[in-house]
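Some structures are shown below for you to check.
Below, subunit A partners subunit B and then partners subunit C, in two separate complexes.
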Partner chain A sequence: MFDIMTVFESLIEIIRVVPKTLLLALIILLLSFMLGAVLTYIQSLNIPVIKQILDVLQSFLRGTPNVVLLYLVYYSLPLAISYFLSLFGVPFDPASLNSAAVVIVTFSICYSVFQSEIIRGALHSLDKDQIEAAQSLGYSTTQTLRKVIVPQVMTEALPDTMNAFLIIIKALSLAFLVTVVDIFAQARLVGAQTFSYLEAFVAAALVYWAICGLLTYLMNKVENRMRRGYV
Partner chain B sequence: MDLQYMIGILPEFLSVIPVTLLIVVVSAVAGFLLSIFVAAVRIKKVPVLNFMTDLYISFTRSIPILLQLFLFFFGIPVFLQMLGFNVSNISAVTAAIVCLIIYNGAYMSEVIRPAYMAIEKGQHEAADSLGYNGLQKFTRIILPQMTPIALPGLGNALIHLIHDSSLVFAIGVVDIMGLATIISSGSFGMQQVEVFLTVAFVYWGISFASEQLIRYLERRKRRVLRRTGYDMTREAGYNV
Partner chain C sequence: MLSLRNLKLSFDGSQVLDDINLDVKKGEVVTLIGPSGTGKTSLLRCINLLERPDSGFISLGGLDYDYSRISKKEALNLRRKTAMVFQQYNLFKNKTAIENVMDAQMVVQKKSRKEAYEKSMQELKRVGLEAKVDAYPSQLSGGQQQRVSIARALAVEPEVILFDEPTSALDPELVGEVLKSIEEVAKSGMTIMLVTHEMSFARDISDKIVFMDKGRIAESGTPEEIFSQSTNTRTQQFLNKFYTAVH
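Right, the complex of A and B next:
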């Protein structure tokens, strides 16, 4: 019924897609971080109409599950791109869009909301005196940002960002719906080949468990190291 | 964009909301009960069980809920057969509910445990010195102070649960998402954007409603705190 050897065989197959999954997650993390930073900046400006639009957008992104958004982007992004490109007279075949791009776009948008919250929290934790001190020492705005604000905010935001990385790795398991092969999708493929789904899924679970354990361990190490300089 | 079509399929989605609600409510309630047990084991540090709950929580935290659903869907029959029951397969709804109960139990126990830990030791000692027995101490001193701390976390857990329940269509439950995939494949790939936009609005509505419920509890909490003159920042060390 349950065969340990099949688990090992599936494990080897599944480990092959781990680098790809991690790379995808990293790209999404970086993009969502940038989007989140932009979002935080725009919100801090408090422009009347834009602020309300962003609030509604945030509530929408937080209120709808990732699957729904993934499907929504999967079906609407190609149409939207071809529409925009046709305005400039560039022909674009909606079917030619890579589904990995769809996954990256969806999750970057989804997690930018969470990232902006992380960034805002980290900025709040920064002492105002720090900026004043930097200014009184004659630092320019860029210098203040680069030498005073970013290093401190980074330390504060790091644990949450790493946590977001783990969440993105897990969320990528949805990518199988749009035919992107990550750890979970690979497990399904392996399971379908050998007719032993349970073994393949157990193997995938072990892989996820190992990744999360390892990253959590690294996270604690890096965090301790970064904190040492400032406390 | 075809608004007429979106409004036309909305009633169909509303008719399957009970399936989603059943899954969410059962797994929220049962998961909460499970989480109390798990949190109690971890707080009291029961020898063997404590290690097992550690393993259990790290398992549910590091494995995607989608994979967990499939593991339970394929794993429960095998497990039952090992125990000697003659079960070849179980219904998708059962697997989904069992999986979400177990997932949610871990999630909520990580809300309840910190809330318990946040109560100062002095409170326990004061209750002991006043001659309260264990049950009295818990119901009269600890629980009233735990509740306001745990409330926001439990609210988050509920929202997460609603979102995670949208994945049960992957193992074949016809809930809102399940119906959406059926409709979108039935429309020959013509109106998928409309279908999933409608689904997004339905989920937005559900999330909004549950957020209102949480807000109501928060307001109530603040009222009670004001009436009793209990200052969380002073008594529990922080305010939420």
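Right, the complex of A and C next:
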């Protein structure tokens, strides 16, 4: 029997891991944004061999499911770190690697490709006229960057970036595979304890939906603020 | 007040400006005319270093600069003594009219918000836009946007304002209000360099007309000398074409 009270009880349990899930997603968003910016920059330099390597890497990341990448990183990252540290004579037990680190590394790399595209699009839409206006008024390079370029790029990149944030939150439901407890993993645990999987997953769906709704609402507010003056 | 010596500019090997020498006195209105592609825009853009000349000298407001070895700091200095009014207005789209006028005062001149606000109000009144101070550029007509951009240029109190075809992008019925604002600026004693195809306006407002042709100054003089007494065949050809096109 479907029991509404169990849904509420599950809800309370699940909400406890919301902050952790959001924090993970935020870290991944920031890292992938930075990585994406670096990627965009390196690609803009058009260095022969490096550009081709990055292209291949990007097509690999785009073409591989997140689950596969997650396992790849899960099994290779500890070995890589242990090998790297051994070069400096530092001992490292591959089993001791925090699995949250695995999730962060995997998704940061995955989404850096998308972030890079978002940034490229925003830079592409930069209005050269406004930059020249600032220069003609004597804004220094940093002042132009801070006052004219960054606000424009942010306005352009914000909606897609916020979207990416929502996608990351949802993609984190894969994290249970490497024992990281996010919203979805918590729902599985709660369901297993009470033998009421349906109620637990209904609760999880409600939580995802609420987060999504709230973030979309906030995002629209911010976007409207930033886009004032744009038609 | 402003003088250019031996200014040269080339784009990928083609000489766009060739040995430009020009003097502008304080409070003078100097208008550049000439066929399309002769380097009028480029010349204005060299003065505020939006374009970097290959060689030449400029002195402005008592300081001399050598274009071939100008430092970043000097370039900034030079730009802060000039202001430009662009053909496409180039307003900051995400800022209101008054914020557009205030921004450079606060960012570049480090004025307080209050000071910048008062100065901006005053300049927007001068161009007749006191009722539109809180409108975004997208809510203003082309003529109004161009007047905001004139106010923005005035507000930084430059030594010279450079106007590059300020009315060319406007619907004909909006040209008048912008020309009126420019006239206002000229009357206030501001030094002006203007590129325009509005010949009768140029004739009325200018102290000096410079006729440019193929990257050189072909002839310069008072409006009377250029428009009525020129014996230069290129000038005559250009003006004739103009009159037949207009009338």
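Keep in mind that, in the parts below, the second predicted complex is superposed on the first by the 228 of 231 C-alpha atoms of A that agree within 3 Å, B and C clash if a C-alpha of one lies under 4 Å from a C-alpha of the other, contacts with A are read in each partner's own complex, and residues count from 1 in each chain.
Here is the rule we go by: contacts are C-beta pairs under 8 Å (C-beta built on N, C-alpha and C of every residue); 3 or more make two chains touch, one makes a residue touch a chain.
Just so we're clear, the structure is a prediction, and the values are computed from it rather than from any experiment.
A.B. asks: What does the overlay on subunit A give for subunit B and subunit C, a clash or a fit?
C.D. replies: Aligned through their shared chain, the two binders fit side by side on subunit A.
A.B. asks: Treating the CA centre of subunit A as the corner point, state the angle out to subunit B and subunit C, nearest 10°.
C.D. replies: For this superposed arrangement the angle is about 100 degrees.
A.B. asks: Quick check for you: in the superposed arrangement, does A:174 touch first (subunit B), second (subunit C), both or neither?
C.D. replies: Once the two structures are laid over each other on A, A:174 reaches subunit B alone.
A.B. asks: For A:130, decide between first (touching subunit B), second (touching subunit C), both and neither.
C.D. replies: A:130: touches subunit C, not subunit B.
A.B. asks: Quick one: name whichever of subunit B and subunit C touches more residues of subunit A.
C.D. replies: The partner that reaches more residues of subunit A in the superposed model: B.
A.B. asks: Of the two partner chains, subunit B (first) and subunit C (second), which one does A:205 touch, if any: first, second, both, or neither?
C.D. replies: The first partner, subunit B, only.
A.B. asks: Using the touch definition from the top, say if A:139 reaches subunit B (first), subunit C (second), both or neither.
C.D. replies: It touches subunit C, and subunit B stays clear.
A.B. asks: Just checking: does A:71 make contact with subunit B only, subunit C only, both, or neither of them? Give me first, second, both or neither.
C.D. replies: first
A.B. asks: Which holds for A:151: it touches subunit B only (first), subunit C only (second), both, or neither?
C.D. replies: In the superposition, A:151 touches subunit C alone.
A.B. asks: Contact-wise, after the overlay, does A:26 reach subunit B, subunit C, both or neither (first, second, both, neither)?
C.D. replies: neither
A.B. asks: With both complexes overlaid on chain A, what's the closest CA-to-CA approach of subunit B to subunit C, in Å?
C.D. replies: Across the overlay, subunit B reaches subunit C at a minimum of 21 Å between C-alpha atoms.
A.B. asks: Shared contact residues on subunit A for subunit B and subunit C?
C.D. replies: On subunit A, no residue contacts both subunit B in one structure and subunit C in the other.
A.B. asks: What does subunit B use to touch subunit A in their complex?
C.D. replies: 58-59, 61-68, 70-71, 74-75, 78, 81-82, 159, 162-164, 166-167, 169-170, 177, 180, 184, 192-193, 196-197, 199-200, 203-204, 206-208, 211
A.B. asks: Along subunit C, where are the residues that touch subunit A in the complex?
C.D. replies: 48, 50, 76, 79-80, 82-84, 86, 88, 90-96, 103-104, 107-108, 136-138, 149, 152, 156
A.B. asks: Which stretch or stretches of subunit A touch subunit C in the complex?
C.D. replies: 127, 129-130, 132-140, 143, 147-148, 151-152, 155, 226-231
A.B. asks: Note which residues of subunit A are touching subunit B in the complex, please.
C.D. replies: For subunit A paired with subunit B, touching residues are 1-2, 59-60, 62-69, 71-72, 75-76, 79, 166, 170-171, 173-174, 177, 184, 187-188, 197-198, 201-202, 204-205, 208-209, 211-213.
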